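Chain nomenclature is as follows: A, B, C and D, assigned in order of appearance, with residue numbering initiated at 1 for each chain independently.
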Amino acid sequence: MPVTGDHAGGRASSAPLVGRESEPTIFELSVPGRLAYYARSTGVPEWPASEIGAHLRREPAELPEVSERDLVAHFTRLAARNYSVDVGSYPLGSCTMKYNPKFADEVAEMEGISRVHPGTPERAIQGWLEILSSLESYICTITGMAAATLQPPAGAAGELTGLLLMKAYHRSKKRDPRKVLIPDSAHGTNPASVTLAGFEAVTVPSGPDGLVSVEALRSLIDGDIAGIMLTNPNTLGLFETKIVEILELVHGVDGLAYYDGANLNAIVGVVRPGDMGFDIVHSNLHKTFATPHGGGGPGAGPVAVAEKLVRFLPGPLVRRETGGDLRWHYPEESIGRVHGFYGNAVVLARALAFMRYLGGEGLKRMSELAVLNANWLRWRIQDSYTIPYGGVCMHEFVASASSIKKSSGVRALDIAKSLLEEGFHAPTVYFPLVVEEALMFEPTETESPQTLAGLADSLIRLAVIASENPELLAERPLRTPVRRLDEARAARKPVLTEDQRTAAPSAS
Amino acid sequence: MLADLGMGSLEDLFAHVPKEIRLQRPLALEKGRSEFEVREWFSGMARRNSAARRDLVIFAGGGAYDHDLSSAARALGGQSAFVTAYTPYQPEVSQGVLQALFEYQTLVARIFGTDVANASLYDGAAALVEAVNLAVGATGSSRVIASGGVNPAYLETLATFGAGRSLELEVAATDEREATAWGAPSGQAAAVVVGYPNYFGTIEDVAEARTVANDLGALLVVVADPVALGLLEAPGALGADIVVGEGQSLGIPLSFGGPYLGLFGASTRYLRLIPGRLVGETVDADGRTAFVTTLRTREQDIRRERATSNVCTNQTLMAIQAAIHLSWLGKEGYQEVSRRCYNAAHYLASRLETIGLRVSSAPFFREFVVELPIPAEAVRSRLFDQGFLAGLAVRGRPNHLLLTATEAHTREEIDRFSDLIAKEI
Amino acid sequence: MPVTGDHAGGRASSAPLVGRESEPTIFELSVPGRLAYYARSTGVPEWPASEIGAHLRREPAELPEVSERDLVAHFTRLAARNYSVDVGSYPLGSCTMKYNPKFADEVAEMEGISRVHPGTPERAIQGWLEILSSLESYICTITGMAAATLQPPAGAAGELTGLLLMKAYHRSKKRDPRKVLIPDSAHGTNPASVTLAGFEAVTVPSGPDGLVSVEALRSLIDGDIAGIMLTNPNTLGLFETKIVEILELVHGVDGLAYYDGANLNAIVGVVRPGDMGFDIVHSNLHKTFATPHGGGGPGAGPVAVAEKLVRFLPGPLVRRETGGDLRWHYPEESIGRVHGFYGNAVVLARALAFMRYLGGEGLKRMSELAVLNANWLRWRIQDSYTIPYGGVCMHEFVASASSIKKSSGVRALDIAKSLLEEGFHAPTVYFPLVVEEALMFEPTETESPQTLAGLADSLIRLAVIASENPELLAERPLRTPVRRLDEARAARKPVLTEDQRTAAPSAS
Amino acid sequence: MLADLGMGSLEDLFAHVPKEIRLQRPLALEKGRSEFEVREWFSGMARRNSAARRDLVIFAGGGAYDHDLSSAARALGGQSAFVTAYTPYQPEVSQGVLQALFEYQTLVARIFGTDVANASLYDGAAALVEAVNLAVGATGSSRVIASGGVNPAYLETLATFGAGRSLELEVAATDEREATAWGAPSGQAAAVVVGYPNYFGTIEDVAEARTVANDLGALLVVVADPVALGLLEAPGALGADIVVGEGQSLGIPLSFGGPYLGLFGASTRYLRLIPGRLVGETVDADGRTAFVTTLRTREQDIRRERATSNVCTNQTLMAIQAAIHLSWLGKEGYQEVSRRCYNAAHYLASRLETIGLRVSSAPFFREFVVELPIPAEAVRSRLFDQGFLAGLAVRGRPNHLLLTATEAHTREEIDRFSDLIAKEI
């Protein structure tokens, strides 16, 4: 009987439409000599490589060798092994996983958008400059600020940029305060950014209502306070109602107030960070303004500032000449650039497309519905899960599986994994750290009441199963492309490349 | 739904927000528009930009290159399962993104010749900043000696972010061959940084930089052009501790400068100091191979103010795109593209030499500096009118141009360009 | 506990990434008042509808009411329930399911291709006319013919067009022969087209070698023969080696020879229908020239003809003026148009893109590899399945499960369904009719040796299971989105619309 | 692989093909080119065509209309799972295509007001041909009375295909109101065919056509514009036996005339005579709802020379696209688009009347005939130079233009167009 041996060196490129076969890596599909690449015929003559003799690479990099057909099948099948917003609900708290209107994809692909070299002269990029300038003005209007840099390529980069602006501000006043206040519920990027900016993070405890304790805050205020970093609504989804008082305390020692805009989706058109008293605001365009998350990026984290900080902004900014043309402009006391070029430009264009699509009223309605959806979902599950903080929540809320855990041993993680089995993405779990067995839900405005009801029904059902058959939940998920992973093993002896993989003893 | 909540209007949802800060008027923004109108507005803007190949033949690089991009890679990277997913926190339903990132890490490590690579950073500049942060963390020194041949925008970004923690950044000038003159720095340092090839196209001597780093007890950080490494020895093989670079050339359109892709490869010595996400292999409850983000304890969401980096959202989609593009090129295509860039740049340089111009004398890869007898800006401007982006200005040298050519440039285009330059000078 | 009742009228929009939940219909997802549509603001005033009073629609059509978000999720999830070439191997005989290079999608989407009105003046469609003219010339070169109409939108439409040309030819000679010869292995469209063209189909039996029996043919030849319709290689994947003799017999009574180009993938650059002696040739561009099948269409079935038939072709054709401009041209004795406009123009452009990509040599290599792959796959499975006809096959071959059925009761259908479970698409089954328990495989040139080996291994494994545990195969597939269907029920009381569905007793 | 087969070269695979017919030289075709070059060649061609909205404002219809198309529908229809699948012969792995077609059938049936609809035919012309074939099969007559208001290209196609089986096609002229003057045909017929609205935009009296059909014992075949049916009574409700039409307006780009979409709806009386594919609901082995092609015994692959039609490959992808587009429009949007087309066409007509032109007097939907005082071709040509496709010529009436406007036309465009026309006359 014929054998495959003679034709070894690759794997069959077919896999079940569904089912749980794992997909070979692209390296396992590789067969020497196979090629998808097909070069343009340019007529450019071969140039001797002798000139770079000593520098010549000795061993070519072992890139895979596959046909275009097998390449397409591989990455099509990988995509089929991934959950995404377009497949279903993704109520991941703090991440604002909303539907991203498709027309923005077409904006991003326009030749005059996607194929422009960043070194093109100003006269030939007036369209791009108009886009950036228009976006800056939308952001300032929405946040209540004076000007913005669009360079930071994500929220965390925006934070660091903002903190460096804070530093530049104090230095311009010949001061060098060292501490930045951060609530205990803050996102991890905040303290990390504070350290990277050369400040010291000082934690402000939350009160029993989940809000910043003004008393505790007052006791931390002194002349060494450079500023405070807050997100409002905070990461518990609660609006810091004492925000004016809080910021006055900080401003009282000439500290600056930084607004982490990751939660902006709750308040657009309703209340503006500038009106609350913030001096620096980053916006996560990939959250609030519907630029897709791309499996973890790219994003964009523009930083808008109050008038007194404009002169420190990273350059270049876009400014209009008297003649009407737009030009690159470098603020005099700029902290310097924070990106190799002008930031994640195409992401910025997508965000502007979204803003122009919704307009002022639509953006407000967006936030209203995001808040409505979160409150309604919370209301639906409140008898099955502990809701640690009462009152109206904003665009997200934290529930807790602590009582379920106490009575049944079922953890937040088990609920999350079981939800995958139900066809929904999981909520964020174990964050913020101040809530035990936290399940943080952010349904966003794009989910329908029916989807929310379906999600709530699943959650309620899981709570029932937890009390009746807790062991079932520890097993789940069963039908996903893979089941729960041995994460400890991954960390114990990390296998991060195909080479380490083939060197290591086989995985199974 | 409002009724379920005992509310009468959407306003009620915000009743607890203090009145005095609530916005009492509509946002001063235009009214919403249909997608057709928004698309048309952007079309109008797009027409006011000069696009590569449509309006312009681009002989400018400087960290952003006009390569031929395959439609298959574009279509695969654009699948909504990749585009509309979040960070793969739930590996059971994220194997697509995770496996693609694992493949990406392997590809970057193989190209760079490093043990491992991370799952992406923002861009080349950010990757350099993170590399220096790592070196500072690893050595305890905050002094960095960087070659003046490193992309000036990267150096500026490094200076910006370095200011936060008082980085001492010393820049070693380049000589008339556009190569670094290291001098003989003494003392201790965290990192020595060199471009390979550098911003001016020159193929720097990485071994020499390694010696300098050794003398200073510093890590060697190489800022490499990944396309060049189809032809040039891998920096890892030349002793680099960390290799970073801009991944735009690996399948990402020019995009007016972003989103691009920060490449980051390192020796396993520094594994637990590596910034950003790492994807590793493991098994699931049924023993089947699966992938997961790992060594999470380095990251900001766990280690908070003591994290190795603050990066959270990164450039995953670009990393996936690069993995697809590199797989499309394949082992042979990758080398061939590299070689074709080299050929095109050298053919262009030779044509310019023929018309009497002086081109930098050091070995270069696909980019080089040329000196004109007249101010470069005027030439750039006139060539632009004829459909060519004639390179980039060189800071502080008004008569010089930084030019590049890639595998996408035809002989005809190069000839025409050289002929037009000849007319200008 | 809260209930969903208040928010009924729709279904949750989440569904497992994998698993076997069925997807609600778009009508089940509908909720009154919900809307994705967002109109351009045109400023055009409302016009009174009174003018059409009596004609006004009384009950609006019940289109679904869904948000764009739910729309996207629905059709994304439907797509996830479908096998396709991009997912894996699709060895469906007679269908040439090859990989379709992606760049042709971009060609099809270019504004100057996709957004051109068919009524645009000739001077403003010179690009389109150049595309059509260039394609006509490629087709003629490949088939060895003089001219071609590009109008027929599929193979079957090409057949009917070709047969009408045949009729016009005979009428021009004042003849009216009524019979068209068709081999017993012919595709169903051939006899159906013959009837529609007003001819009578006369079946020519195959000999034991699977080829047209020349003896039998000779006995059928008489003055009433209008022509013959053949595909070569025939639907058994065998090359009719006596083709010259066969066509001479037909030509001997002034009959015409029609070539069904569905099997052209076997012979491009190797042998041309024109050189075999055919007078009329249709090409299935959606097979040989890699325009994707689209779930069953659109295709394109251009008809190329020998010189003597050019004057009968449907108009318009594209012809070059003396000045160099291209113009629409209407042949004098044209049978008339066979499409509302110029055929499936964008499909035609895709096919030309493919031809230009491969070029002359590449097209020949395509056929060579298609034939190699078929022969190799046949060789690999020949010990497990009956191969009714020996010798070298062309781009496809027919195997038979007849001996398996005799010994185990396992049918061709069971093998096909089990192959789905293995991750491959099934071959064509029970066609051609002349082979019992037929399994017709066409691997195409784009599958790698590894994929072919994987397919062969699966087939061999299934043959083993058939002999050892035949009952297992009757159950399969188990893991596909749905399992075997009750097709009889579908036909007994057809439910073809949502309205019939909701009127009928529930499906389960 | 060759060795496994005992062969030495690819040539050997064709050894059994008689030498005398084998091509002894390479195909006389250009050599192959990279996708980049092919794409650029097509870009060049595309630039030589005038595109709707980019280069031209299109006031021409005639069976092909410039509508606004949503990106979501485009993206969904372009998914490779739909694009690269074949006919759903294996329903276990084809539920995506099958369910989408089931939804399409429902949508068409609801719009047409017919009991059922099939899963697509090639285009409007082909749908008419198939409807007539059905009528011939159902009645045994081969005489057809068609309104002269039916799209002339459809009538010509019907004549072409009808020739095969000696169809007797009689065309009833239209009157000065562009409506059919049926006269009083007597005898027997297979079908009476009427446009609704007809090619000239006129809203024909379907009830009258029904009476004519009744008198002849004929089936009433209505060629309907699906967009019009957002506003006009469904032909099914007016007694049509079969309703066909061109589905291009339902989400398909202009595409230089194809691929388009033949719509076909009918009464269940004719169920077993319906051409093309039908998708029906059933259950799988586990009792779950599923979809499958059904009533296959009508089709050519089973019934062969006695099949109701020869159609095999059809326009599935276009049908799916239409289903997505219609779902995007939704119940309200569909009516609104219809109404907006009506508004735009009437606004255009009123503007032209204001400048003294005569517009056809019968009620029309979105298309109408206007008479100019000078030859229309000259006006069309001059308007074209100013960026307008000024309608279509009307066969045999050199001073007439057939004009249309849709929901995509702005008042500004219509005003500008009318002003330019005013200058010409």
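As a convention for this text, a contact is a pair of C-beta atoms (placed from the backbone, for glycine too) under 8 Å apart; a residue touches a chain by one contact, two chains touch by 3 or more.
Treat the numbers as computed from the prediction; the structure is a model and nothing was measured.
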Chain separated most widely from subunit B, comparing mean CA positions: D
Selected pair, greater C-beta contact count between B-C and C-D: C-D
Gap in Å, rounded to a whole number, between the CA centres of subunit D and subunit C: 20
Centre-to-centre distance between subunit D and subunit B (centres being mean Cα positions), rounded to whole Å: 49
Rounded Å distance between subunit B and subunit C, as computed from the means of their C-alpha atoms: 45
Two or more partner chains touched - positions in subunit D: 1, 4, 33-36, 39, 53, 68, 70-72, 75, 80, 93, 408
Junction residues of subunit C, two or more chains touched: 2, 7, 17, 20, 34, 38-40, 68, 72, 76, 80-83, 86-87, 101-103, 105-106, 357, 379, 420, 449, 480-481
Subunit C residues touching subunit A - in the complex, by the definition given at the top: 1-2, 4, 7, 9-21, 29, 31, 34, 38, 67-70, 72-73, 76-77, 80-83, 86-89, 99, 101-102, 357, 379-380, 383, 420-424, 446-451, 453-457, 460, 479-481
Complex contact set, residues of subunit C against subunit B: 2, 6-7, 17, 38-41, 72, 76, 101-103, 105-106
Contact footprint of subunit A on subunit D as seen in their complex: 1, 4, 33-37, 70-72, 74-75, 80, 93
Touch list for subunit B against partner subunit D, complex: 34-36, 39-40, 53, 68, 70-71, 75, 80, 408
